[in-house]
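Just below is one structure, and these are the notes that go with it.
Order as written gives the chain letters A, B, C, D and E; numbering starts at 1 within each chain.
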Amino acid sequence: MEAGRTNDLPYIKRTKDGRINIKSGNKIDLVVKWTLIILSILTVMAFFFFNYIGLQWDRAIPETAHNLRVMFLEPALNHFSWGEAFYQVGITVGLGVLATVIGAVIALFLALMAAENLSRPWISKSIRAVVAVIRAVPTVLWVLIFAIAAGLGSEAAVLGMLFHSTAYLVKAFSEAFEEVDAGILEALRATGANWWHVVTHGVLPSTFTYILSWVFLRFEINFGVAVAMGAAAGAGGIGFELFMASGFYFDLREVGFITYAILIIAVVLEIISTQLKNRYFPASTNN
Amino acid sequence: MTLLQVKGLGKSYNSETQVLKNVDFEVNAGEFVSIIGPSGAGKSTLLRCINRMVEINEGKVIFDNADVGSLKKKELRKLRTNIGMVFQHYNLVPRLTVIENVLHGRFGYKTTMQGIMGRFTEEEKEHAFMLLKKLGIEDHAYKRCDQLSGGQQQRVGICRALIQEPKLVLCDEPIASLDPNSSKVIMDHLKSITTDMGITCLVNLHQVEVAQDYSDRIIGLRKGEIVFDGPSKLLHEDQINHIYGTELRELITV
Amino acid sequence: MNEKKMRKSRMQTVVFLLIIIIVTYLSAAITEFNFLDGLATIPKALGWMAGNLLITAETLERLPAIMEKLLETIFMSIAATTIAAILSIFLGLMGSKTTKVNNIFSIFARLIASISRNIPVVAWSLILLISFGQNSVTGFLALFVGTLGFLTRAFIESIDEASQDAVEALQATGATYFQIVNKAVIPQSLPQMLSWILFMIETNIRSATLVGILTGTGIGYTFDLYYKSLNYNAVALVTITIVIAVLIIDSISNRIRRVIL
Amino acid sequence: ACSEDSEGAGAAEVDDVINIVWYPNESGNDMKASRDEIGRVITEATGKEVEHQLTTDYAIAIETLINNNADLAFMGAQGYIEAKNGNDAVTPLVVPSGESGTLDDAIYYSWLAVNVDDQDNYKVDGEFSLDTIAGKNFSFVSNSSTSGFVVPSSSILAHFNEQEEYADLVQEDLMEGGPLFEQVLFGGSHQGSAVNLLNGNADVAAFCDTCVENYVDVAEGDVNTVGAVYKVKDDAAEPFNTVTGKEFTLMSVTPVLNAPFAANLDVLGQEDFDTLKALFTSDEVANNEKIFVPEDSGEPGLFFKSADERFVEAEDSWFDPIRELSK
Amino acid sequence: MTLLQVKGLGKSYNSETQVLKNVDFEVNAGEFVSIIGPSGAGKSTLLRCINRMVEINEGKVIFDNADVGSLKKKELRKLRTNIGMVFQHYNLVPRLTVIENVLHGRFGYKTTMQGIMGRFTEEEKEHAFMLLKKLGIEDHAYKRCDQLSGGQQQRVGICRALIQEPKLVLCDEPIASLDPNSSKVIMDHLKSITTDMGITCLVNLHQVEVAQDYSDRIIGLRKGEIVFDGPSKLLHEDQINHIYGTELRELITV
């Protein structure tokens, strides 16, 4: 280290070969570095672990290219009409809306109880634990359970989606609540306000845009889930048509059409949600 | 008339360090008292003990003949309505309008339901406007608070404290985040609260000279103990040095 | 600014809530959803779970096979996320306002992100299944495409959030574009990005179940097989292993996140 | 969608909607006319509204009937047996007969098929031999399918269990690549399984005759005999439109009992059950060309008429042979 | 010797408002010049025109005999290495170490590849440490910048500017975010850069008194025009009032 340098100063760290170190080697850098290294190793390992049976790259890649071309350049409707398509898309959007809105309402109350700054530690901890487990169960299992036990239909799809949706939002909301400036809560409490006053006039107004953003994000996710789950739960929707078109008819053109429909809806929803957010709840108004 | 009595107050957040030790003082109605002391001396903690935003460990705080430490939840709310509080960072709800923030000061007088619905009487609203006008920010009443400058926000904070119709106003470094001009405006307003409205003011300050200019009496706190308590004019160089340790302050001490 | 304007903003909130209520009502109408019916089925569903989702000693024998599949799924999710992340960094740099090279690239990057994100992973699975067949690569690709879109968007945000100040300062020292990106932008946004990557790995393991069902790969396929043979005991076991895996990964990433953020 | 049938298993109430669950095979749009016609005659006979529940999955369909969430299901014999195991109120309503119009030939055939061009790989001394399928890519329909899984897997097991190497093989081992096959695919429907074969994803596929009837013609040999060659029609509907003109040959043919309409008596109620039984077995239905589509019309449909086909009653015990297979 | 010439400089960000109008001045090597003026006067814009962080609309900036406005990309990088810049908010990369941030100042001398790999010579590193020592923060060399106080961060910013071995250092309100003590430290350091190292300093300041205390010469800017340019001691009350409009500054002007 102090490799016989005359002008060496105690505050300079050197590497073994006598060069000056400029990295601090602190815990954060170390954790970041090792996380990246481990992820890379796991990724490389993954490719040895995969099962490649039945995979023919030479066939699959040109075929995918061809299929994508057919799908996106020659979309067509063969098994149902435009009207039907609209209706089915409507169902899927509807499932997404229901799961999101109901989930958000339930999540709002649970999140108030789960936020550490608004609740008692044991309530907050237990809600968090339950929510973490619910989130870990794949949505598809919830949907299948409800489809089996409650019968095919939108109830099964929505309830199945609701579990994950709610749990996800509870986590997001409670984190947003916890970020509310402690000073605001303190100031309101200092005026003699009670818990409900603080929540309705301090916490909710401060976090409304976050809550809304999360709800819209979750809606996007739920729309995607509804495509899959509508079909599985027998609630129908564009996902059923997609499943039939790709799994049953093997009709790429129709798959293409449906994909476009989903894509357009997703983009439109995104635009609408951004507009709504900007219009009704701007982060800051300039007037 | 003694409004506030602090007797042998002791406070520690954890077992290791005693933040306040045996603090004793009295404040008469209508006084303007400044508390000065270095960072970490316990100034904020002292103020928070007075309206029990933090629990009191030892000793007693008696406000308006009530023993603050022993109050039940309901009574505590009642007590807090009688004590306004003004913060360094204003602590307004940024997304709400000025007038809404001011009216928050009335929550202590409301039932849960009234509060949730945001029901305020016309008198309360008029009172709020009156206060805004008094502090010269009535023009901004319908602006969102995050659009105001720091000085304006602090005036909203003062309005919120005043609409509580308090007997005492606690101010925790009300001008530490403000520029010189705004600081003057705020200090002038606080002073006039005592002189015009007769409300007692207890103000934490970092700026010794400001404290000397404005207050009737200064309490010097150091490491949780009162090391000076007396009229402003008796605070001299050596006392200041004692309060702040031996460091000499250089450049811009104001 | 006056009281009228404040009333108007109140009105807007009311209108907004009304819109939500109407949209919800319409949704319930079109999907023939009945909330009370739905509520009534919850006890039934819970009862069904209690009656059917039991792990028996016999099912435990399948644990090794299940674990192997689970591992495949975990690897699949990690590989898909990591590789998508590498690509997303470039797309993110191209797409971000701070670091974009030009508008065309920026729009191109955002477009790719938008398309791959907005086509649900289900659709990708079914599309890829047609030509890639039933193997890990299909599942990997399906996860990869969805992740790419999501991460690109998240990275664009992280990069935008990274303070512009340091970029300006480096410009003033005469640094080049790549130096600025490498020394000012990446160091600032890396922890945030890593956090998103960890989040995505966890999400992908969960969606790998669905993707697995659709593409016949990994734990999802195992789940599907048992479920289709109405072997609910095994389904329960599979689910528990997934839940445990997700919880473990969740807590590891939370721990990492706590250090780096 | 689902109505007042949420009282918990075993105590369902009869309501005024009749829910019919269809397997994925029958959920296609080309069968819509037949489905709707069946719905229409049921409404006519019972005065109750009919709701069709289409599925993407066998298991869901079976569970729906078990859990009192549907009145009727058109399901394979295996599906019926599983449903009966799950809920004793499940009862066979009718079974489509064979040409004779009786239960005697109420059968269809489960095939193991290979592509014509590869057929020599599956022969030993000029004869098809099941030994050759070990290590190949195999496509089943779904593991709840009678003719697409239970029947072919039991005949495969019967064959291989005699060999020492495969003596311990059980049905479950056939569901995944490894033990016997290189890879196992599930087509999800009979059509899907056949297409898996024809587009090269699988080397050998199991599916049934009636489900692909609409799409193929016999090119060589006799119908339903080993060695017969089938060719996909040039105008075949999806999913066969991508593999038109391709040919496959049968390496094994096993008869299977026809699929029943099964009812859940708790949900449907005895009264409606009797009404429907009378309705389905009537000549009126047997002669309804939308339900029993004349075979030479070229129209797609659920059931076809070439001679005296009709619905006939069947007892639970009639399905015992299939029960034996899946034990 | 004239180091910097600004001739008839004009700048507008959009067609509506002219931020700088016909600004003319010269700075000699080794001068310490302060620019004062109210908020929005164009002080920051003026500094940014000098190293062309913003494009110049009218007039010329001649630095070290080069016409800044007409430089190609490569030459511009070269120019910027000769001009250090210090910012109000320090503009450090918060997650990197102090020493890394200082070395960022050397990028102008590196090829893209060297810069990406983070290759710095031993001499550069030693130089960096030397500068840190000079500014008294060598102990923090391996700390992350976001763990330092504002004053310490600003010293890192100054080191980053100095390691460029610049002829001119531009400082945009270097002490506006700092407390009084740190402000003094920073101003002392800036002053010593000129006196000890002979590097020219051009400093934007809000605090008139600080400008008067430290600089040889003061330029007063108002609404984009130079309204005062002369030695500090010639800046009197009425000129200050002219620069800042007619408002009288009250309380704490420093």
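Everything below uses one rule, namely that contacts are C-beta pairs under 8 Å (C-beta built on N, C-alpha and C of every residue); 3 or more make two chains touch, one makes a residue touch a chain.
Chain-to-protein mapping (UniProt): A = Phosphonate ABC transporter permease; B, E = Phosphonate ABC transporter ATP-binding protein; C = Phosphonate ABC transporter, permease protein PhnE.
Everything numeric here is computed off the predicted structure, so don't read it as measured data.
**Student:** Any chance you could name the chains that touch chain C and chain D both?
**Tutor:** Touching chain C as well as chain D, we find A.
**Student:** As a test of whether you follow the contact definition, which chain pair has the most C-beta contact pairs?
**Tutor:** Greatest number of C-beta pairs in contact occurs for A-C.
**Student:** Hey, which chain is the most central one here, using CA centres?
**Tutor:** Closest chain centre to the overall C-alpha centroid: A.
**Student:** Measuring between mean CA coordinates, which chain is farthest from chain B?
**Tutor:** Measuring from the centre of chain B, the most distant chain centre belongs to D.
**Student:** Between chain D and chain E, what is the separation of their C-alpha centroids in Å?
**Tutor:** 82
**Student:** Roughly how far is chain A from chain B, centre to centre by C-alpha average, rounded to an integer in Å?
**Tutor:** Their C-alpha centroids are separated by 44 Å.
**Student:** State, to the nearest whole Å, the distance from the C-alpha centre of chain B to the C-alpha centre of chain C.
**Tutor:** Inter-chain centre distance comes to 48 Å.
**Student:** For chain A, write out the residues touching at least two other chains, lowest number first.
**Tutor:** 28, 51, 53-54, 144, 148-151, 153-156, 235, 243, 247, 250, 287
**Student:** Residue numbers in chain D touching 2 or more other chains?
**Tutor:** 1-2, 6, 57, 63, 67, 183, 185, 201
**Student:** Counting only residues that touch at least two other chains, what does the list for chain E look like?
**Tutor:** In chain E, residues 95, 100, 118 touch at least two other chains, as defined above.
**Student:** State the interface residues of chain A toward chain B in the complex, per the touch definition above.
**Tutor:** Its residues touching chain B are 181, 183-184, 186-194, 196-197, 200-202, 205-206, 208-209, 284-287.
**Student:** Any idea which chain C residues touch chain E in the complex?
**Tutor:** It is residues 163, 165-166, 168-179, 182-184, 187-188, 190-191 of chain C that touch chain E.
**Student:** Can you list the chain C residues touching chain A in their complex?
**Tutor:** Those residues of chain C that touch chain A are 1, 12-13, 16, 20, 23-24, 26-35, 37-38, 41-42, 44-45, 47-49, 71-72, 75-76, 78-79, 81-83, 114-115, 118-123, 126-137, 140, 190-191, 194, 197-198, 206-207, 209-210, 213-214, 217, 223, 227, 235, 239, 242-244, 246-247, 250, 256, 259-260.
**Student:** Give every residue of chain D touching chain A within the complex, in rising order.
**Tutor:** Per the stated touch rule, the residues are 1-2, 5-6, 19, 21, 24, 27-29, 53-57, 60, 63-64, 67, 69-70, 137, 177, 182-183, 185, 188-189, 191-192, 195, 201, 237-239, 241-242.
**Student:** Looking at the complex, which residues from chain C come into contact with chain D?
**Tutor:** That would be residues 31-33, 37, 40-41, 43-44, 47-48, 133-135, 216, 225, 227-230 of chain C.
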